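Next up, some structures in structure tokens.
Shared chain: chain A. Partners: chain B in the first complex, chain C in the second.
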Partner chain A sequence: MAGPARSRASLTDPQFALIIVSGVIIFHFIIIIIPLGYSFWLSLHETNVILRSTEYVGFDKWGEVLTSKQTINGTLLSLYFAGIAVVLSFLLSLGIALVLNQDFPGRGFLRAMILLPWAVSEVVTATMWTIILEPNWGVLNGIFPGTLWISQDWAMFWVAFAFVWHMAPLGAFFFLAALQTIPKHLYYSARIDRAGMFARFQYVTLPHIRYAVLIVLVVVTVEAFRQFDLVFAMTGGGPGTVTQILPLLIFRYNFQFSEYGLAAAASYILIIIATMLAVAYFVALTQKKTKARAVTESPGAVRVRT
Partner chain B sequence: MIRRREKVLIGVSAVAVVLWTVVPFFWMIYASLMHEHEVQQGLLRVVEDPTLENYERIFGLSETEALFGGQTKSILRGFMNSFIVALPTAIIGTIVAALAGYAFGRFKFPAKTPLLFTLLMTRVLPPIAILIPYFTLFREVGMVGNHAGLIITYLTGVIPLLTWVLMGYFATLPVEMERAARLDGCSRLGVLWYIILPMAAPGIAAAFIIAFLFSWNELLFGIILTGGTSAQTLSPALLAISPLTATGYSGMALFSAASCLSILPPLLLALVFQRYITSLNIVDPVTFRED
Partner chain C sequence: MATVTLENITKKFDDTVAVDDVSLSISDGEFVVLLGPSGCGKTTTLNMIAGLETPTSGNISIAGRRVERVPPDQRDIAMVFQSIALYPHMTAHQNIAFPLKMAKVEKNEINRRVKDTAELLRVSDLLERKPHELSGGQRQRVALGRAVVRDPAVFLFDEPLSSLDAKLRVDMRVEIKKLHERLGATFIYVTHDQVEAMTMSTRIAVMDQAHILQLGPPEEIYGLPKSTMVAGFVGTPGMNFVPGCIDSVNGVKTFKSAGFEIALPEGMVDSTIDTITLGIRPESVLVGEIGEDHAKINGNVFETEPVGSDLFLDINFEKFSTDQIAETSRLFKVRTLPDMRVKAGDKVMLSLPHKKIYFFDATGQRVYPR
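Our next item is the complex of A and B:
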């Protein structure tokens, strides 16, 4: 081994890995753990903005948050938003991916194009869908004047709908990547067996994209629970409070009412939901590992990796 | 016969996908070419004299703009601020995440799984949950209203995401060349620089673009940490003139024009990104190598 390289070469693999990963680790602790700890401390204190004083109140704020109508309403709205977002994004992104997986002229162009809604910011997504949905001069009202479904009752649905437009391309790319791993000859043999489109989807496509299905479901759920920008830009929580999902409520507690303790306690509801989602996410991602090994170890299987 | 029916079906659904993607863009551009009073009369009409007035106002070329006190300047300043924030975020974020991603994708080391989990946890955590402590802490140290505070905050969002993405990418790269280089006496950092970097270039480019888009588009931290200050980024600047919010002062046509301009950098990047995204194995981020 050459001389100058010697000192570095004496590092073992794990040592070297820990050194280059240390940037992320340090970042993490400073940036995530300390703020979360501080936020927990805030949730246990009553802050008086005028006197600039804090007083220890134990878990009072937590009790207040867990029993308040606003928080329960906000949590339910968040669940509703995520529910719609997940179901619609899933169906749409799968649909888009199936179309893009076909052979037709202009497919490359279309593939480049469908990514555009994802690249656009949430603020602009809100602009676009407001232009379409606005109840007085909006496009939809021009086509179907005075329709009932552009009303307050549907506000949360339409915000979720705009979110789906923004998110579906990402899901479509996950699905498309999975679809492209399916060997073409499986479809040819299915055709020879006179399998129709739906039969081919059920018996050839679906078993191959199960993992992508899982990932898309988890990613969209996570994004829906994190979402603040779109709802804030599109409705600001209104009309009234009909779209005031949990993150918006926390924002209001903190920046409008200066209820720092309440805001911090309420944000812990989100943190708990997020932790559960992260566990689900992690299990979903690592599950693939065992599956992949099972495939490569089965007799006759092509060993892709060595 | 079946094949022909399928062809028609594919054609129809391809057109549907195009419309679904393009129609919202179309109406925003359409609204941006209208006079303000025309918007109020309903968008679904033929514009008789399309105008570039709204764009001229944003670039300060319109004479009437003096009457509005030149408030649309905030948009151009937002562009500049967003570049100032997004570029360092993307550069630092990509470097840190590439190193970490390489370590996670290639090596086994102590506490790897718990570390991966906390990384993912950060990714899943709603931004609002860490915003409140950030705001209070940043106010104490005087980092509200400057670019550095925002860059640090964005890095917390970008680094975990990119680490996951790049980890999957590095894991798919063949390890043989690295081993050969090591045997020939190349140092570990030399391997990273001469072997890994060229091979991973498409993935790293994609990661850079994801990071740039993230910081360019972000709103919540932008509002809280720079809103109303001279460091205000583009998304909060847009929202400040939005007629949809209580504080907005402009009309829908001007707002549409500003929105159209704001998406030009992301759209260009997305078109570039499109070529690289196939190279990113984001579907399968946890292909641990068993070496």
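Our next item is the complex of A and C:
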């Protein structure tokens, strides 16, 4: 009995930590790193499904993707989709969080309710918004007949809106958590210091939630760029190709045209854009950490370094 | 510079009465301390003066102007909080400048005033630091600076020193007192620390359970406490209270308690009373037999507590039953000189100066001295 107990006790903290995280690392390797490497390999090869042959073509597929009208259009649509999604869901999340941070009866219930849209799956969200927006028998058309809600021009907006509806609660929760860490006395102090509502938001609220802002922006942006289910279920990329964002196009390359190389190269473009934006957010929102200066513990006291 | 007047102020939170019909008139340039245990309503009272809470009923005037419905920024007040409440992402300079910036003061003027204030509070070298790079005392001085820079008519303090360590508290006490003398503004200061109240204030308002129990200069609060609550709260350790009765023994009025009996001088108490509490401060009791005008009692030293500058004796009385001795809250505290050679178990004679004896009735109100 003493044997195993002793060996467990003899583990150092870093060793123990390594054992705990090793599962995740292995799992991560299998589901992310290997596929990533494999798709990179794919992007360098021409695959012929019928002949079951692969041929090394270098960066030809990358060149094709970067110059193809379809991918450029898909990328622009992705940026457009993500743009609407990020701006609207950011504002909506912050608005919801600011309201839920106030004291009012029924707040607890509302806090629980507000998370529901996020708990609903993306396909269900898509189905629900389709039922609302359908031009012939949709709910919105029943209320305002004669308006083509999901027309060519507005299709992308509504798809993005459905995504916002689905994502905003998550952001609201991040913001709410951050808002609740702000000491009440700072607002008291700011009020006495003649700071109005907007100044209090600017000087007290915003600096305290900047990391939540960062997380929300990164999560929503990445989610928007890799969004497939909702758009696919809602419009399938249509009408025409007005909602054919990059992930949908990749899906088509891969499963409709069996162009694995193109699909893989386009996927890389998607990853690069999303990563670049995430890095840009980090750079913009994280302050450069100034070297902490030595602080004397009490006035007049000098800390002697021995 | 301004007077502050509270008339019949009441504040209710749902069913709880936080402040109940409080009236208080503070003259221009006074340093008034609201003293009381936590939950007594002192902070709520201060918040109402600041405008952070609205009274349920009653009037508040600052400099003769009614302000119950005036927002905090228009009351010409500044406030320093227990939590210090510096804006964490701003430097000390930006923190001090903030109220001026909000008031749209011209930039050169802001810099000049921040510089003057920083010199006054000895934080000139720290202006480029952020709050997390400052020590507790430095932070509190910057917070003071943020209040001083506005040159307000009234300064409000909500336990500003309770988050500091003991030594720093003593230093800051002096600084705040000096600041008051220099600025001549009206200071209203909330604390639960009776030493802060005694050392800094011109008047103390002792609060408990939503009421002001007594309002007066520190000497009066200490010397003539209106009730057992005030007497017990002011002074360290608090006053000794001995429950008992007044009886007539051979025509002499005598105080009888479970621990001791003392004959009272003529004129102190006129009639026999069933329930009364004798009070005497630990520092008033003398060890040994002292001449006239002193009541003498015998006691046993239960324990000694040397604190360096003083020696405190915990006394119990022979007449107590074993149960009563075990109950330490019944111990009678005596302050004496540190070099007194006494140890636990010794018998001592104590002299209680007649002049220093208080009596409180069954409701805790002082009946002697009248």
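Worth a mention:
Everything that follows uses one rule, which is that the second predicted complex is superposed on the first by the 246 of 306 C-alpha atoms of A that agree within 3 Å, B and C clash if a C-alpha of one lies under 4 Å from a C-alpha of the other, contacts with A are read in each partner's own complex, and residues count from 1 in each chain.
Convention: a contact is a pair of C-beta atoms (placed from the backbone, for glycine too) under 8 Å apart; a residue touches a chain by one contact, two chains touch by 3 or more.
In this text the structure is predicted, and so the values were computed from the model without any measurement.
In the superposed model, A:G63 makes contact with neither chain B nor chain C. By the touch criterion defined above, A:P183 lies against chain C but remains apart from chain B after alignment on the C-alpha atoms of chain A. With both structures placed on the common chain, the touch criterion links A:G83 to neither chain B nor chain C. Taking chain A as the reference chain, the count of touched residues is higher for B when chain B and chain C are set side by side. Of the two partner chains, chain B is the only one touched by A:L18; chain C is not.
In the overlay built on the shared chain, the residue A:G240 is in contact with neither chain B nor chain C.
Residue contacts after overlaying the shared chain place A:D193 against chain C, while chain B stays out of touching range.
In the superposition on chain A, A:P207 makes contact with chain C only, while chain B stays out of contact range. Look at A:P135: by the touch rule set out above, it reaches neither chain B nor chain C. Residues common to the contacts of chain A with chain B and with chain C across the two structures: 196, 292.
Residues 2, 6, 9-11, 13-14, 17-18, 20-25, 27-28, 31, 39-45, 96-97, 99-100, 102-104, 106-110, 115-130, 132-137, 152, 155-156, 159-160, 163, 182, 185-190, 213, 216-220, 224, 235, 238-239, 242, 244-246, 252, 255-256, 259, 262-263, 266-267, 269-271, 273-274, 277-278, 281-289 of chain B are the ones touching chain A in the complex.
The residues of chain C lying in touch with chain A in their complex are 47, 50-52, 71-73, 77-79, 81-83, 85, 87-90, 98-99, 102-103, 122, 129-130, 132-135, 137-138, 141, 146, 150, 165, 167-168, 171. Against chain C, the residues of chain A that register as touching in their complex are 183, 185-186, 188-196, 199, 203-204, 207-208, 290, 292-293, 295-299. Chain A meets chain B in the complex at residues 1-2, 4-5, 8-9, 11, 13-18, 20-21, 23-25, 27-28, 31-32, 34-36, 38-39, 42, 92, 95-96, 99-100, 102, 104, 106, 110-132, 136-139, 141-143, 165, 173-174, 177-178, 196-197, 211-212, 215, 222, 225-226, 228-229, 232-236, 247, 250-251, 254-255, 260, 263-264, 267-268, 270-271, 274-275, 277-278, 281-282, 285-286, 288-289, 292, 305.
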